[in-house]
Amino acid sequence: MDYFVDILLIALSASIINNFIFYYFVGICPFVGVSKKVDMAFGMGCAVTFVMSIAAFLSWGITVFVLIPGAPVSAFIAGFFTTPEAAAQIDLTVLSYIVYIFAIASSVQFVEMYVKKFFPPLYRSFGVFLPLITTNCAILFACLTIMSHVAGVDNPKEVWDLGKAMTLALFGGLGFTIAIVIMAGIREELELCDIPKPFEGAAITLVIGGIIAIAFMGFTGVDSGVKKALKPVPHVSQVQEQPQRVALLNTKDCKGVIMP
Amino acid sequence: MGLFKLKGFPGTGSFPHGIHPPDNKALSANMTVEVMATPRTVTLPLLQHLGVPCKQIVTSGETVSYGQMVGKGEAFVSASIHSPIAGKVKKNAMVTLPNGRRLEAITIQAEGEQTPSEKIWEEMKFTQWPRHGFSNYEPMDIVKKIQASGIVGLGGAAFPTHVKVMPNDTRAIDTLIVNGCECEPYLSCDYRLMIEAPGAIVTGALLTARAVSAREIVICVEDNKPEAIRRLQHAAKQTVVRVAVLKTKYPQGSEKQLVKAVIGLEIPLGGLPADAGVAVSNVQTVATVARSIIKGAPLTHRVISVSGRGICNPKNIFVPIGVSLAEVVDFCGGLRPDAVRIISGGPMMGFAFSDLSAPVTKGTSGLTVLTRDEVDKGAEETHCVRCGRCVDACPMNLVPTRLALAARYKNPELASQYHIRACVECGCCSYVCPAKLNLVQLIREGKVQVNAWERR
Amino acid sequence: MADQPTATERFVQGILPENPVYRQLLGLCATLAVTNGMKPALTMAVCVAFVLVCANVVISLIRNLLKPHLRIVVFTLTIATFVTVADRVLAAYMFQMSKTLGPYIPLIIVNCLIICRCEVCASKQNVVIAAADALGQSIGFGLALASIAAIREILGTGMLMGFRVLPSFWPDWVIMVLPPGAFITLGLLLGLVNYIDFKREQTRN
Amino acid sequence: MMISLGIAGASMLVMAIIFSYVLGWANKKFMVEVEPKIEAVRDALPGANCGGCGYIGCSDYAVAIVADNVPVNKCTVGGEACAKAIADIMGVEVGDVVPLHAIVNCNAPLSSRLGRTQYMGEQRCASAQQVAGVQACTFGCLGYGDCVLACNYDAIHILDGLARVDYKKCIGCGACTKVCPRGIISIEGFREDIIPVVACSNKDKAKDAKAACENACVGCKACAKASDLFTISDNLSKCSYDNYSAQKHEEAVKAMEKCPTGCIHFMGAPVE
Amino acid sequence: MSNTNRQIDSAMSPEDRPGRKPPFIHVAPSPHISDSRAGTRRMMVDVILGLSPAIAVSLYLFRFYALKQLIVCVAACLAAEYLFARMRGKYFTLKDCSAMVTGIILGLSMPGSAPWFVGALASVVGIGIGKIIFGGVGMNIFNPAMVGRAFVMIAFAQLMGAGAYENVTGLVDAVSGATPLSALKFNGVQTGIAPLFMGVTNGSVGEVSAIACILGGLYLIYRKTASWQIPASILITVALIAAITDIAGGYQGLFLLHHLFAGALMFGAFFIATDPVTSPLTAKGKMIFGVGTGCLIMVIRLFSGYPEGVMFAVLIMNAMTPLINRWTIPQPMGQREV
Amino acid sequence: MSLKNSNLVQAWLVLLLATLFGTALAGIQAKLGPVIEANKVKETMAKIPVLVLGEDLSAELAADNQSLTIKSRVIDVKKNGITKFYTVYDVWLPEGKMVGHVVKADGQGYADKIELLVGLDAQGKHITGLFVLDQKETPGLGAKIMEDAWRGQFKEKSTEKTLSVVKGGGAKEDEIDAISGATISSRSVTGIVNTTVANVASQLQVTDNPASNSKTPAVQTEDPGKNKEHS
């Protein structure tokens, strides 16, 4: 049960509350560039989600099996040269960036070639976005987030497993899709508006992004609220509090009720 | 809306949305139809109907008699033209019709003995129109006769009637709806016709029904015309013709809305009433059909109403087709000095024009002259505030503001997404628009854009 | 077509006429994320400059050995290496700053600016031109970052580089140092730059 | 320490081997032939995507050049330099590049047009076109400036109710031609700096044309008699540019002088 | 063809002809008549009329504080509108009263204790970034008043958030103490329903009285300036979600009523969400808009750190409006059968 | 397939670069890794003297060039089936007398996780100080939990009673004044402190004579929290 709550929270947080675009500013380039038409934006969102999932899968695997201290593969290889204890200490996390980007670039290119060859209609509709995704910060950011929850975590209970990693990727991609589709909807609408010439294009897109970001700030704390509702934390001791005075302008009407 | 139930018919007697503009019919509704004397010249444009122009069959200098065919509609969707006067054919002229079309027209100068228009009108009014015995007529004969008489829809659209009533094996028609709604403000010609010549209408309806083999015949009148309803009911006694009283609402007279109100069916987009098993015809058209079949007279005259506060004496007139509008205006005492807009047709769907030398055509249902006060009432145009009033008013259930903006910003893709083709240009949206946008005009422009875009 | 621009021209081009942020809209993630203060913005600019120059030089050196289908892989590999170097150095000698910048240092790898310069310039030009181009672009990037950071920090905290510049009664616009402020500031600045361009174009005619 | 280095290097090597093997394999396996020339041609085109060449955009034109051997000189934005560059890529000869410009076939300022009524609808040509009686002439310029809005090069303006082309800026992309509801703007090759133009489109007979506009062409054939450049059809004179050259200039001047309504003009670079 | 004016001249009635000019004829597209009762300006005046009960209540309860907020916001909005419109080369924009409406709504949604510069900045941001940058009246994607308020809400969290109302050392007794919603959220204190309904609690100056908002809102709906679908669907959605929570928590209906009458719900449902420019066009779209807004309001109220969510919910749904419009293109008559 | 066309031969450059870069990075890590680790440790360690001894005493200590002995251990607390881990730093004076403990604790704040260092005296009876290691609260509001004035309230509070948050005042023994407008953040921090104290205080004993010491100079370092705005 707790596990599902965790998954739910990761999903909520990644897709809405800490939206990749409006909260972390990753994936801005396609957000500005490919949000002119809803269909294209949706295609881009799907492509990002897809690649993000592949990248998350690869990076989680590489991190767990190769990079972190005591990872099976590196420990196994090192075992030939040194003592098992020393082998278990080998920390390759310094290679993480280079490995992730390597994996992303390769998988993107592979998928692109594959789709181009075997699904030409699909390629025409969303394949054109694939090369753009190689340089999409959102993908690498997802990998880094996953790494930060796998490597260097004190509490072994908090280390993410593959399920959580994939949730982050899927819902992060969903959040990206939501953001870019909303923006594309608005930009289609803007075609019917009389935007001042200097603001046409990227400038107005960013300003609108800002307004949506303000609106999304309303979700701050929703994750902890949901967490509290779904997963009562047992070890927080009950805080005794005094009921607070509610201001009533006419004191004789004061019928403040303390909730049970 | 749903509270109103039409007695004896499947429809509700009304349709969703629509508007209630002030009808201003009182200006001319009580004026008995006057007959205009034979004019000195008539100008007959070769295309007065929807479809292919007809072919001129007389040459310059030829003498023609009353009712002689001067233009032959050779194509299927076309209608012949007959001379309303006896006279001599002059050199062809170019005319610009109020709808913007520039056409060649046959000009005929009156010469010799004329058949007075009064006679034709009396015929229409006082003949004891037969009620029974139509089984002698073969449907196909009726259709042929209609075609030979050059009859087109006289409600305004001028669609050749013989095409409409052509028996069709694939789409059986079981109801004939005779449209006597006349929902346009100001216009009263159909109203007068229904009051003064209900017999011709009933006979015409029966004949038309015979042509299309319809079992049901319904004459539809809005409930703001009680006198017409009474007369029609009286005339239709002992026949299968029924009179349906519909709720007054604009655009009740539009084919699709009418069918929805009476039968409760919707005519498919891009389809004809026949697709719903219905044929719709205007009251004046069926009266003309009666005259054509029973008396063998072609379509040469029609009733128009000249109304509006900008004209000195609003009237309903029986005029020969082809007479210039300037003469019509003169007949009604001329324009008032504060007249600013001359409209061929009613104020909702009519065409404003400035050139009074244009002739009355088969499709001219009236002339409305508006004054400055009536036209300038609206405030200046502002930007659309997306209030959605046009959406509430649109009888076709469209989003007019979106269509108009798509046209203004040249986005045919968006326009076709919002079904621009379904628009019937009834003008409800522009009427209610608080921002005073020219929605209908923009939508019309959008249709042109969409066509160009789809051809690409 | 026209002659290839020289090294000096490339350098000058990058600073204003082809400013990576305002004209090419490249590297927006970093631009938005780290400009809530002048210090992180400048640190970021220096890191980008380091990576861009190194990557451009290396790519330029090996440009004749590239295979088309492995081109992007080589670019990212090189860039990622230098980014890791920058990241480690920052963590070792400016630990607090490294924590503040957080994931945005590794995200330099996917900064479109760098990969774009590698693709457009370094993989086709010799080392000198590539280096000059990289320097010009980095300075342009730094200027853009600094301009945004200055506005956000001054309005958001009343301070610049940690020194108070606005009077103390100034109510801090906290929003300016938050994500929405970044979007709105960059959007408005972009509009302003376009507007100035517009005016210049008009006066020229 | 050394082991750590070794392992790092080794694991990178292994990973690189895997990825590059897969990529190389995929590269061969999934190879889709793309004509490199198309890309080269597209790069050589200016990328304005104006559609002046008659194709949807620059890349569409590039495909057409390579695939269908379409002439390389259709890009009016890039002009001669661009055509030459593409010709080099394609290894063909550049055709004769004649600069194209727009010509407005109407020469009636507001004051010359008769029967013009105040029009209260949407202030655009395409809208005004739907309404009868905006002006008596049903062929001539409406003067609401749809072409001005369509022009991306600021090369056409409405002056005194008539669209006029700024030939310093016009590149002949044809955007104005497409939006003009009356089709009075045409794109012609300018072999010389200035060329004669019959600036009227009224096809009515002389009497009707005169009633509509003071400057209308009445189809009197005066110009046709003066020069074989001009032919009359539908009551309207037409100038043929196919064999126009500097030598014909004199003839054209004569025709211009003969024209009773003054509807023949020289257009192009300012004469002064 | 002959000269038109001559024709008209001859068509004039004989008694009019001598010495008089012929009528000057216009041409225009159909339809030639329009509903003179409707007008953009009239709609805005309606909104101001609809807001008047809320204004009256706020002036009665908060006196100087409400007056100050209203004056600051309206003045700043008008000034900003004038200035920005001038910058864009448009001069006539003040006449349609839309800036005034924005100013009043903004003023009414401010806490009484907020300093003057908060309202002024909100107005400038609301008009500038929320409206003029999109092209002015009718073209804005977001509700300008809410853009301005959200901007200052985040910018001056301390002056605008819950803290603004519970400033115990505050100005007068009337404006100190928590708002009903923050009391509920942070302390689990429920305010009585009657004071909430009548509006004698603390809160933003215009939102406190549910009855005033309902009266004004009904007027707007009667005038068809606001559509009934939006407030109805918002209120029903909020009531439903609150009812579920209510049943789960066993509050005997109090929780539900509390959520309905407390905070800016009534004000927002009738005056903010119904802004025609930023809400969907069709009835179906308006329903979806209202349901979405209601859900978001309750999500923010129940789970997030903010006690009130009307503003954020409306802004998010504003952003969704183009998509909703896209999804709810009505089927034209006759389409369904095919 | 000839050798020349082999995929791997084609990719020789990638292979070479990958190996080269991999090795080089590992080298850099070998060189800089310890420094970075030290930085991480220092960030926590540098706070400990002030948290336990207070500013004056630790400054004095630093002036004397003396150092505290700090030893870390992990305590796991089982409650309701959930195990919670706390890193506890036991602190001894140079002469071997135990002066206190610092507990690293975390919990959910308003926006995100809040990481705290809670200083307790040797017996675990009183709180000696509080420091916020990491937070992402709203700048200008919740972020005020980092300010000295607010944190200082926790000093000298007894661990016997549960602390509660009140608005305006906070005069009483077991009360903490809320930050105006940021009740949730205030309450979160107080809640974390309460939980930590409840869980850990009982497990702290005074032990002398540290076994294996990790020493850190009691040099006052710059407040690292200053630049920690979230971005």
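A, B, C, D, E and F are the chain letters, set down in written order, and residue numbers restart from 1 in every chain.
Everything that follows uses one rule, which is that a residue touches a chain if its C-beta (ideal position, glycine included) is under 8 Å from a C-beta of that chain, and two chains touch if they have at least 3 such contacts.
Predicted model only: the values in this text are computed from it and were never measured.
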- Message: Following contacts chain by chain, what is the lowest number of steps it takes to reach chain B starting at chain A?
- Response: 1
- Task: Could you name all chains that are in contact with chain E and with chain F at the same time?
- Result: A, C, D
- Task: Just grab the chain with the largest centre-to-centre distance to chain A, centres being mean Cα coordinates.
- Result: B
- Just by CA atoms, which chain is the most central one? E
- Report which interface contains more C-beta contacts, comparing D-F against A-E. A-E
- Query: Using each chain's Cα centroid, which is most distant from the centroid of chain C?
  - Reply: B
- Intercentroid distance (Cα basis), chain D paired with chain B, Å: 43
- Note on the structure: Expressed in whole Å, how far the mean CA point of chain A lies from that of chain D is 49
- Message: From the mean C-alpha coordinate of chain B to that of chain F, what's the distance rounded to whole Å?
- Response: 87
- Distance-wise, how many Å sit between the C-alpha centres of chain B and chain C, to the nearest whole number? 69
- Which residue numbers or ranges of chain D touch two or more of the other chains? 4, 6-8, 10-12, 15-16, 19-20, 23-24, 27, 115, 117, 120-122, 127, 130-133, 136, 208
- Message: Two or more other chains touching the same residue: where does that happen in chain E?
- Response: 1-2, 4, 24-29, 129, 133, 135-136, 139, 151, 154, 157, 186, 305, 325
- Message: Among all residues of chain B, which ones touch two or more of the remaining chains?
- Response: 94, 96, 351-355, 375, 383, 408, 438, 441, 444
- Query: Pairs of chains that touch, anyone?
  - Reply: A-B, A-C, A-D, A-E, A-F, B-D, B-E, C-D, C-E, C-F, D-E, D-F, E-F
- Note on the structure: Touching chain F in the complex, chain C uses residues 33-34, 36-37, 39-40, 62, 65-67, 70, 73-74, 77-78, 80-81, 84-85, 88-89, 91-93, 95-97, 99-102, 104, 172, 174, 177-178
- Message: Going by the contact rule set out above, which residues of chain E touch chain A in the complex?
- Response: 61, 88, 129-130, 133-136, 139, 141-142, 147, 150-151, 154, 165, 173-180, 183-184, 186-192, 194-195, 200-202, 249-251, 254, 296, 299-300, 302-306, 309, 311-313, 315-316, 318-323, 325-326
- Residues of chain F touching chain A in the complex: 18, 21-22, 25-26, 28-29, 33, 77, 79-80, 82-85, 87, 107-111, 138, 162, 164-167, 184, 187, 190-191, 194-195, 198-199
- Item | Complex contact set, residues of chain D against chain E | 114-115, 117-122, 127, 130-134, 136, 208, 211-212
- Message: Which stretch or stretches of chain F touch chain D in the complex?
- Response: 7-8, 10-11, 14-15, 17-23, 25-27, 29-30
